[in-house]
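Two complexes, one shared chain (chain A), two partners (chain B, chain C).
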Partner chain A sequence: MSEAEPFLEVRDLKKYYDDGGLLGGDPVKAVDGVSFDIREGETLGLVGESGCGKTTLGRTILNLETATEGEVLADETDVTSISGRELRRWQSQAQMVFQDPDASLNDRMTVGEIIREPLDAHDWPNLAVSVADDREVAGKRVHRAEGDERRDVTVDADGGVSVREGAPLTREDLTVDADGDRVDVTLHKHASAMREDRVRGLLEQVGLREEHFYRYPHQFSGGQSQRVGIARALALEPRFLVLDEPVSALDVSVQARIINLLEDLQDELGLTFLFIAHDLSVVRHIADRVAVMYLGEVMELGPTEEVFTDPSHPYTESLLSAIPGSMVETGERITLRGTPPSPRDPPSGCRFSSRCPAKIRPDEYSVSGEHWEALDQLHSVFRARSNAEKGIVDVVKERLGIQDVSTVDELLLELFDAERDGDGGISIEMPDDAASVVYEAAELARAGDEAGAAERLDDAFGSVCSEEHPEANDVGAGRTSRCLRHREEYEDPDAVIEQRYRSD
Partner chain B sequence: MSDTLLEVENLRTVFHTEKETIRAVDGVSFDVERGETVGLVGESGSGKSVTARSVLGLVDEPGVIEEGSIEFCGDELVGGNWDEHRGDIAIVFQDPMNSLNPVYTVGNQIKEALRIHQGLRGQAATDAAIELLEDVGIPDAARRVTEYPHQFSGGMRQRAVIAIALACDPDLLVCDEPTTALDVTIQAQILELLDELQREEDLGVLFITHDMGVIEETTDRVNVMYAGEFVESAPVDELFDDPKHPYTKGLLASIPGRTAGDERLPTIEGEVPTSTSEPSECRFAPRCPHAFDACESVHPERIAVGDPDADHETACLLYDDEFEESPPEDGVVADGGETA
Partner chain C sequence: MSVTTSRVADALTDGRTALWALVGLLLFLLEAGAFLNFVVGLTIDGILALPGVDAAGFLTTVESAVREIPTLLSRETIPNEGYYDGSGYEGTFLGLSPAIAWALRATLVYLYAFAAFGWGVWGYRIYRRNYRAADWTPRDDVFDRFRGHKWGIFGLVIVFMFVTMAVFAPALGPTTVDQNMRNSYGYETKYWDSDSGSVETILVGDANLDSLSQGNDQNIGPWTYDDYGRFHPFGTMQDGSDLFTFLVVGSRISLVIGVLSVALSASIAATLALTSAYYKGRVDLSMVLISDAVMAMPQLLLLIMLTTVLRETWINEVYSGGFLLALIFAFTGWTYMWRSIRGPALQISEREWIDAARSFGQTPITIMRKHMLPYVTGYLLIYGSMTLGGAIISIAGLSYLGLGVAPPTPEWGRAVNLGQDYVRTGSWHISLIPGILITLVVTGFNALGDGIRDAIDPQSDSAGGETAGAGGGA
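Let's look at the complex of A and B:
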């Protein structure tokens, strides 16, 4: 399966919100240059913390959001720029299952109506009829199959008719009259009867019973509601499903049943999945390959088992080590500090540099590991302060030059475990060259220039990680990883983490 | 380790509805000692949260504690003595946004708790609030104390909630799914924090979750809850190495990703039933892959199993000598071939 043709090629896809706008602020870069292939019949897992852009990426691929830049190629068509009939065709091929089944099902419709809705919206059925030579296809609810569209009915040169296996009708349901240049196809069944049959078939396919047809969503448990959501997504016989956290809201025993159902459906119908989840254990079970996202970028991509057992990127390593329990034997846990920075103002250079456990440190300072962490933290506090929305009082204080001196002092005392000396000043136990930079930055912060303070720290203690944006490096075996440490001149991330966090 | 903080004995919390009486918690007993973390695990609807609320005296109409005793440091709480110990037991809920008041600053909310439980006011309260925020690992606490909950990220909000809980200076902390709404990286931070606080303050912790991984990592002792009852209790290592009850085995087996590979996940069919009457049968029997005739007519008592030194108990007839059926071979879990 791993060598299958790409079903979808995502190329440098970007989705920005508030782009420029009237005030010309920075846009939110929710998805910022993502490229990967999704292969026919595979499950690609997409993991990352909340707010990293997973869902936006899924929605942009389906053209539910308009892409800012880049393309998504399916059968050589860029689906981000299509509209009208083409778009409707793409939408019938690619569907989405949402996280919260209760929120994504209309309370006032019966389950039958919910599953039927996409059929009505797309005026289903519209059978693709394949005919030999140049003959025309005529009749209601039929059209001539184009390109590599899936054929529902095949009429060969000598008038033989066959119906695709699994198609929503049988040979007896239609009459075909092949006469010269024209093939007349007449359906005996009314569309609404066909739709009703289709819905009942779908109910059975997802493990619900016929009597559920007339029930309302509130009468269902979480697992059953999610089955309804899956049935609705399958109604138009799509080839590709974006599953957005489909089991996150479910209990573990129910979750296992839905996962089994999804795997069965994939086998049965030859579906391709993009499986979005923040639960890494679910992704490990279901995905063939996995993409790890951080702040709008894919940091690492590769076959699931390899990525889980031997992560290349420091972010993957930290994410995996955060999973509770003994699921992954990655050794000592690396706890990432804080939360990802705002996608409106991502760190310069490598996106992950502000939290990276394997960040490259400049050689000229001999500072202890703990103090390096404190310096990183001080930097992020100054940055956060300079970006914080300021209340009127803060703004007035700033204008008048009244600054809360005590908070800067307290910050230093807390982060560096420092002590006040006799005359109220603060001295940090650090080599003089490094300490003097901290004092300078603190002075700037006391004067209200927090951005300047952050910059001063960055000038001195920043490295290539905060200057250069890493490319996705090929790290072998079909894997890529976006880290500067893969360059020859630096030590591998793995070795650095081992040495910094896992040796005594 | 020997001083027991909380002693729950045969607790039964019921909800009287028009139609029937629902036994949400039906005869559970457990202890929490100082410095110990006791886990409570089970599916939704098994009665975990009602147990937690019962311990805090937060069960509202139509719910009532019908039977049993809850002793805190030797004082009986059932019957309305919670007021005397208000602040000694604190709770952290799942969703921090629901626990915080959006129109007060985080500092104000911590100070409120400090005023009520420790009588601190003014600058002393502010200083204490800043200190608490620092203790729970919020950077730049002096500045953050004047901010509102919406200015905090999800992880920081949960830290703030923990700070409020700590402002009561509790002896026992009840955590009701405190990390379920959080990302795994943030979850790791919060679990680390709770562990640290517990060691510093020698807190007893009652930890409720449906995540077996979190249980394995944080607790000392685990109670597996099903339909209002504890079906298995054991020290955490013993439970994971040698689970006895078919329900426990099913729960452990249905966790995805424990092992590599494409095998089908074993599942437990059906849903947790709602218990409305005195049990005359094993409540798990309809879903149990190993159920036999007696399971439908005899209510299993808790019996000692496994390592005799481990204080490992389960309520399952498979382990009862009176019946001939014997437990399945170790390592064999529920048949994985069932369809969904």
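Let's look at the complex of A and C:
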């Protein structure tokens, strides 16, 4: 597998969304510097939580979104910056299957019309005719085959003509006049007849019946509709499909059949897949390699089996551990605390540092594991609050120094499992040096300076994780992982997780 | 190609379809003369309109030949204008009284129209059951829902009767506009003079002067004869001409202006709404600004100003100024329709199938036409039918104010205006009948719009949802 040519090279791809507001503001960094290769004929799985940018990545590769920066190279062409004829060529080579078949099929069109639409849009077919010598090819709907293009019609030097099996017409449907200094090809089959045949063939190929041609999407079950979506994506004989969670909207009983169909089609047609999903077990089944995305970055990339059995990155470990029933392989469940931070304002340093179970901690404080987590959480709460849009009332309150004291107190009470002492203050069961930092930060927050509070916490408890942005490290066997713990001076992530969570 | 041919052959050998085709042919033959007459007349007009052509040559002969073809629903086949010669009626259909002859013709016209409509529905059902490749389409549900919508059906019937009135206007009136109003001194009429006991001849204009409806002393009310044996289903007007003829011909101009202006503004609105919904952002914003600017112009003042300014120009000559009115209505009216359609269009533009179409490289125009327009047409029909009602009111209102359609072209609003001095007298019918008709037709168009809306979108609440509010304002 590893010798296969890369079909697609994604290089430092970025997609930022500006709200176009007058104030500018921070853009949403949906995809932020992603690089990987997709090899010819493989399935690359792309997993991650909702909102991590995996769908945006797929759409940007297909040029449905304009890339902010970076390249997507296919056959040495950057497909993010093409237009006109080149773009149309790319569109016929790369297609997308959407998540929700009900939403992606126009319900006022029959299935036949839906599958036929790409053919009409590209004025299909345009047959590639291969000629032995360098004579010109003339005629309607034909062109001279170039490069490694698949030959639909082959004209020998002695005038023998053969038609590729599976082409939309047979030998009887065309006459070839190769007498002069050019080859005249005349088709006797009408384009619309060829298209209709093609649609019927596609229906069969995806496991639907011919009588479904005149049905409407309403009349189909979810699985059947998704087959229609797949047939539409296949209509132009693409080489590459982006499958955007193609089974997550379907019943579990149907998912397996669609997955099998996709695998069969891949074998039969030699397709390359980018399979986007949040269901890890589906990805494990179908993907050859898997990329794990978090907040617009690829955290870990490697062959599926190896990533699943021996994750390198703490995020992958947490994700895998979140699969119900997977504890056998990964031991004690590691819960992913909270929700991912806003992609508008990702944490400095490592993106995952705010939730990381293997975060590097400063040595000078002797704080218990639970309290470290509480401190991380307190920090992210303050950060989120300082960035939140505030109403006029809040702003006025802040200016006047009237802050809801109770919210900060409640936060401390809840996170640190603390208790109020006699005179209404809060005491945290923590070594004094650490506790005093928390009190200082809380004081700042009460005065309305959440940003300052977050900074205070970061100063004291932050580490290299919140300062340095990790590079993708080669961790062997074609795997990369974006974690600072792969450096020599630190312990490996899984050892740390083992020690922190599974040592008792 | 061969598939279609064999289909036609199949259809004709199938009993029910053959019967349907036969009935259609029969219905056509009954009116073939009128139809050919219309086509030939239009061709001649078209040829004469070309520069440098002043005679249509052989077509004129064709026209006169076509005129000879008998049609069922014409004044010549069932005449109602005759006179009493002391013992019986001369010149009327089968010697019936003029009232009965006229009523017979009017009834036949409506029977014919409803038969033609039924024939169309019958054909659609045969097609749907036997010939359509798809055994179900989303449109079927819409039709089925509309069929069960009583208020919508009521609207459809009213609108259909109104359209029939406009189409068959010349055949429906007891007399013609030319003979009774425009050129009343160019025609003669015969009547039975009971004093002398003989049949006398009088100019129509003079007869009209003796048939005025101007209050309690002088009045020819609805469903009465005047002194010259002429029947007036709706009575006469203040100048003695026939009110029914006036109204029937007036319905034509209302319908033409209404349909023209609504069709124009609907196509402007749809094009702009789809463009702004597809491209969003700046395109959308600029259209909002343009439509706000147009909306801010006072429509009535603009109308008065433009009709005055353009009074002497050729554009005001077209269709007695009706064309100009339609243009002004379309120009000021599209904004409201655009506003109403923009919302649904924006919603549709967010659907995933738009992305799917973009992903395989479909062109923006085709995406708008194939993937967005079908979802907006329903709204266009709803707002169109409601706006049409509004346009009819506006045209009538303008004529009432003495603006708009130039006299003497009949227009409903002018009838209301002409009769308003006599509302409290015995000649109440001059204002009241056209007033009732306007109300009825506008209600019909609104009911039809309601019905279409409920058929298209069953979730919308007919008891005053958002669309209903917007529709009422449009």
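Simple rule for what comes next: the second predicted complex is superposed on the first by the 490 of 504 C-alpha atoms of A that agree within 3 Å, B and C clash if a C-alpha of one lies under 4 Å from a C-alpha of the other, contacts with A are read in each partner's own complex, and residues count from 1 in each chain.
The rule is short, and it goes like this: a residue touches a chain if its C-beta (ideal position, glycine included) is under 8 Å from a C-beta of that chain, and two chains touch if they have at least 3 such contacts.
This structure is a prediction, so every number in the text was calculated from the model and none was measured.
Novice: Will chain C clash with chain B on chain A after the two structures are superposed, or do they fit?
Specialist: These partners fit in the superposed model.
Novice: After superposition on the shared chain, which partner residues are touched by A:L64: those of chain B (first), chain C (second), both, or neither?
Specialist: Second partner only.
Novice: Please indicate which partner A:D123 is in contact with in the superposed arrangement: first for chain B, second for chain C, both, or neither.
Specialist: A:D123: touches no partner chain.
Novice: Can you tell me whether chain B or chain C touches more residues on chain A?
Specialist: Higher number of touched chain A residues: B.
Novice: Once both structures are overlaid, what angle do chain B and chain C make about chain A, taking C-alpha centres and a multiple of 10 degrees?
Specialist: Here the answer is 80 degrees.
Novice: A:D18 in the overlay: touching chain B, chain C, both, or neither? Say first, second, both or neither.
Specialist: neither
Novice: Which partner does A:E86 contact after superposing on A: first (chain B), second (chain C), both, neither?
Specialist: Neither: A:E86 stays clear of chain B and chain C.
Novice: Classify the contacts of A:Y216 with the two partner chains as first (chain B alone), second (chain C alone), both, or neither.
Specialist: second
Novice: Once the shared chain is lined up, is A:I259 touching chain B (first), chain C (second), both, or neither of them?
Specialist: A:I259 contacts chain B only, not chain C.
Novice: Going by the contact rule set out at the top, does A:A103 touch chain B (first), chain C (second), both, or neither?
Specialist: So A:A103 only meets chain C here.
Novice: After the two structures are laid over each other on chain A, how near do the C-alpha atoms of chain B and chain C get, in Å?
Specialist: Superposed model gives a least chain B-chain C C-alpha distance of 16 Å.
Novice: Under the definition above, what is the set of chain B residues touching chain A in their complex?
Specialist: The touching residues are 43-44, 130, 134, 139-143, 151, 153-156, 183-189, 191-192, 210-218, 250-251, 254-258, 260, 262, 264-269, 271, 339-340.
Novice: What residues on chain A touch chain B, complex-wise?
Specialist: 49-50, 207, 221-222, 251-261, 263-264, 278-286, 305, 308-309, 318-319, 321-327, 333, 335-339, 377, 380-381, 384-385, 388-389, 404, 406-407, 410-411, 414-415
Novice: Give the list of chain A residues in touch with chain C in this complex.
Specialist: 20, 59, 62, 64, 87-88, 91-92, 95-96, 98, 100, 103-110, 117-118, 121-122, 213-216, 218-219, 229, 232, 235-236
Novice: Residue numbers of chain C touching chain A in their complex, please.
Specialist: Where chain C meets chain A, its residues are 133-138, 281, 351-353, 355-363, 366, 370-371, 374-375.
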